[in-house]
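Here it is, the structure, as structure tokens.
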Amino acid sequence: MGSNRRCEMAAVGARLLRDRERVLVGVGMPNLAANLAKRLHAPDLVLVYESGVIDAYPPELPLSIGDPDLVRTSLCVLPIADLFSQYLQTGWIDVGFLGGAQVDRRGNLNSTVIGPYDRPKVRLAGSGGAADVASFARRTVVLIPHDLHRFPAHLDFVTSPGHPPGTRRAGGPAHVVTDLGLLDFDSEGEMRLIGVYPGVTVSEVRERTGWPLRVASEVQVLTPPSSDEVAVYRALAKGKEAPIG
Amino acid sequence: MDVLTVREAVRRHVEDGQNLYLAGFTHLIPFAFGHEIIRQGRRHLTLSRATPDLLYDQMIAAGVADRVVFSYAGNPGIGLLQAFRRAVQAGEVEVEEYSHFELIARLEAGAAGLPFWPLRALDNDLTRLRARPRVKSPYGDEDVAVVPPLCPDVTLLHAHCADEDGNVYAWGLLGEVREAALAARKVLVSVEEIRPAGSLRNQRDHLVLPGFRVESISVEPWAAHPSYVQDVYDRDQDFYLEWDRISRDPAATSAWLERFVYDIVDRAAYLSLWPPERLSRLREAARIGVQ
Amino acid sequence: MDVLTVREAVRRHVEDGQNLYLAGFTHLIPFAFGHEIIRQGRRHLTLSRATPDLLYDQMIAAGVADRVVFSYAGNPGIGLLQAFRRAVQAGEVEVEEYSHFELIARLEAGAAGLPFWPLRALDNDLTRLRARPRVKSPYGDEDVAVVPPLCPDVTLLHAHCADEDGNVYAWGLLGEVREAALAARKVLVSVEEIRPAGSLRNQRDHLVLPGFRVESISVEPWAAHPSYVQDVYDRDQDFYLEWDRISRDPAATSAWLERFVYDIVDRAAYLSLWPPERLSRLREAARIGVQ
Amino acid sequence: MGSNRRCEMAAVGARLLRDRERVLVGVGMPNLAANLAKRLHAPDLVLVYESGVIDAYPPELPLSIGDPDLVRTSLCVLPIADLFSQYLQTGWIDVGFLGGAQVDRRGNLNSTVIGPYDRPKVRLAGSGGAADVASFARRTVVLIPHDLHRFPAHLDFVTSPGHPPGTRRAGGPAHVVTDLGLLDFDSEGEMRLIGVYPGVTVSEVRERTGWPLRVASEVQVLTPPSSDEVAVYRALAKGKEAPIG
């Protein structure tokens, strides 16, 4: 994925966050996009990290959710138990902002295994807080590169729940941001393409999706990153290419 | 409470087959204890930790573990834990896996001495696969998920400092450190420094554990390297990246363990293997951030 | 989050028939809020609090409460709460009673949004009388007691300070303050002082509640008198003794309420009724203790 | 109760505490006696108060468990939830050092009501943490004045559990200190007189007990307070007569 597409992805992700919302920020691209939003249209965005950090404003992009800068700029640091039990479980997190290895048409995420659970072909990192965030945040936004491996017809493992078969649950996945465009979920809880970056075609997106992808009646062409978005993106991403994605 | 070397603390209190929790969340990871456990050749351990991190990757590579209890086995901000990944794929270690919330709820049950801990159920494959039980509330129709206690035989942790009474002080991200300590049968602590009894009384907001819950204190500066100690030294991010490369190759992994763990006698010897400038840089970086 | 006077905060957010938790453990007791609730003539309240203290004794004497949920209804270090005692003996208020541990477990269930909270059962008459339910652990033969959540409609508390974003800071004994706030639908806070947004960021160890959990902040120095605010003013122990005498006599109790609650318009008027030397002495005493 | 008897009671209570033990200290006489012990033979006694204070060393006798001096001299202050759940419930408190309105032959305490619970003749303060402490401390010591009202044949209400009928439980009441003497519990969990102050007779104790009191085969005469004990007692109790008892 080129740097341009990363920037588009970060900008589109950032725009989905509204000022004053409380967003639980996952590592990688979600971290980049949330920090972008906070520096632009959402200065009072409350960045929450599963490490227990509430309302961080890191001067640089933190390398991980456990960066010492997050602590230094935070409102407070909670024991993880309290964050998950008293803030997340009770609905005080507006947005779960997540990455993942794979996503399916219901917005289920797999970050556990490729292949059978008990003898995996590839053993991934596992849930961390992702399953909890996907279950309890008021909505989730998933940021993930768009290709056939990451958008399979069938997930080997559901780590973080999306929408149940046939219905759309309150909460759960609201949007998926990829390096091709923007997707949401229809009233049946099925993923649907609603926007593409300039130069991306709907059929290209379909080709890189492992199931017959639903497409909104009107697919918008997403506004390219503004010069502000590009500038802030570049400053944030500088020297941090390795950890993102 | 005894003041012991890391070697003596491990010799006396860590036994084959135990369930260990080497605590510390993203910082304060007790590498000195972990390396000593490798050196002393402990076997058949259950290694419990929400975030296994490089430390458990090294311990797994060294063959000390039969089983890993965890919730996120990644190299933070970088990728996967390669030795862990290989061992699981080869069926060489068993895994017992949770979400963060579930794992920490297990520690809370342990810390409270209760047979289970309640939380809202997760509708995912781990729940289905492991048939997590639920309990019906006697106060209505709701039911909730419950997890069993996790009570490590020994929890080992690193902290900023302790006093001579064994009272332990730390700050910054504490994650699940306190619960992991309170749930344990025994707690071993390494610290950057030890201070006279009573001299830290004005630091009560940073008290993590009173001395009467602590088995031993070991004075071991830099015990958390390559992880960090808030305001004291920064994470050695270069090593976290290096490990990603080293750990992809079993031979390189063994060579690293030979050089940095087996071939040395103690932490001072370990530190002498790192360029002094590198360590000063990490100290410097941590202090820049301190207001 | 709004910055409101105590009067306006109570007017907007406190309604007849609600379950209120006026939090603060031995210090930080929100007397200004309690007196304002009396003055505004709220009725049929459920007053919840582990330790009702003089504040609830006064509120009960003023007839605002139908029900008290509590665990220790004493005048701390002195004796009983006489107005409470009389009202219970006369059957004028209902009581719902727990041990400290049980009551606080109810708040923990509320703060975590769970339908119950587990704890080891107490073999006493309260358990027998109220037929407290138990839940069997799915992990063995043990069963534990469970209590239902306590979710106040409004929790009111006093704190050392807040910033303009509503972030609330306090230190010293916090008892069950945090849980009582997190369990509530709404939280109203009075503070000794308010500071510019962002100016208290280095006080993170004293953060009690982030602004997004707070409905309103009211700047009201001395709002906790006659209880205390650690390091700011000391407990007015003489008044705690005086109240023991006043409250034994219903007429004296009414007279006190007339003079110190009904006949005044606000906290400034309340404070003007106390000799300035008495208040300075309390400030002085609190500062002597500060290292 | 005269000041002499108070001093004897405090001294005998204090002597039951061993150095380095963790004692959860109730308000009133237990507070006085525990502070006496800490100033004499048990300097490393860990004073714990149910307000969440761990290892206090108040310069003067605190007026209540919520005294600001307790905070200033403490090792730390815990949320009450943590103290009760993670320290008391788990057996880390060696001694519960309690007062009470009434005690019976099994060591049950009543601090809730005189008369029927739903329409009490006298409504008392209730449990506070006493029921929890009596249930979970490794042993309890009760300090209480000795008279027929306080030692009734039958309690109107069991607030804090003693020994169950017919057996002695592990934990539970170990000693009762009164202004007449010292009692323990035999292997059946029944209260038993084992010591009296100089000048007190066994029959006097029996007369002021509401049931036929068991008496040990040898009742010792308790050593009177030493001059150190008297001096420290006086310094502690000075100006604090009202709150004690």
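Note that the chains take the letters A, B, C and D in the order they are written out, and that residue 1 is the start of every chain.
Here, a contact is a pair of C-beta atoms (placed from the backbone, for glycine too) under 8 Å apart; a residue touches a chain by one contact, two chains touch by 3 or more.
None of these values were measured; they are calculated from a predicted model.
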{"item": "Chain centre separation (chain A, chain B; CA means) in Å", "value": "28"}
{"item": "Between chain C and chain A, distance of the C-alpha-averaged centres to the nearest whole Å", "value": "41"}
{"item": "Where chain A and chain D are represented by their mean Cα positions, the distance between them in whole Å", "value": "58"}
{"item": "Where chain C touches two or more other chains at once, by residue number", "value": "112-114, 119-120, 205, 291"}
{"item": "Touching two or more other chains - residues of chain D", "value": "77, 85, 89"}
{"item": "Chain contact graph, described as a line, ring, star, complete graph or other shape", "value": "other"}
{"item": "Chain-to-chain touches, reported pairwise for every pair that qualifies", "value": "A-B, A-C, B-C, B-D, C-D"}
{"item": "Sites on chain A touched by chain B in the complex", "value": "27-28, 50-53, 63-72, 77, 79-81, 84-85, 88-89, 112, 117, 119-132, 135-136, 157-161, 164, 242-243"}
{"item": "Residue ranges of chain B touching chain A (in the complex, touch as defined)", "value": "25-27, 50-51, 70-74, 76-78, 80-81, 84-85, 88-89, 91, 97-102, 104-105, 107-108, 119-120, 122-126, 129, 172-176, 178-179, 228, 230-231, 234-235, 237, 241, 286, 289-291"}
{"item": "Parts of chain C lying in touch with chain A, wherever the complex brings them together", "value": "111-114, 167, 182, 201, 204-205, 207, 210, 212-213"}
{"item": "Residues of chain B that touch chain C when the two form their complex", "value": "112-120, 133, 135, 137-140, 142, 144, 146, 148, 171, 202, 205-206, 291"}
{"item": "Complex interface listing, chain D residues touching chain B", "value": "20, 22, 46, 54-55, 73-77, 85-86, 89-92"}
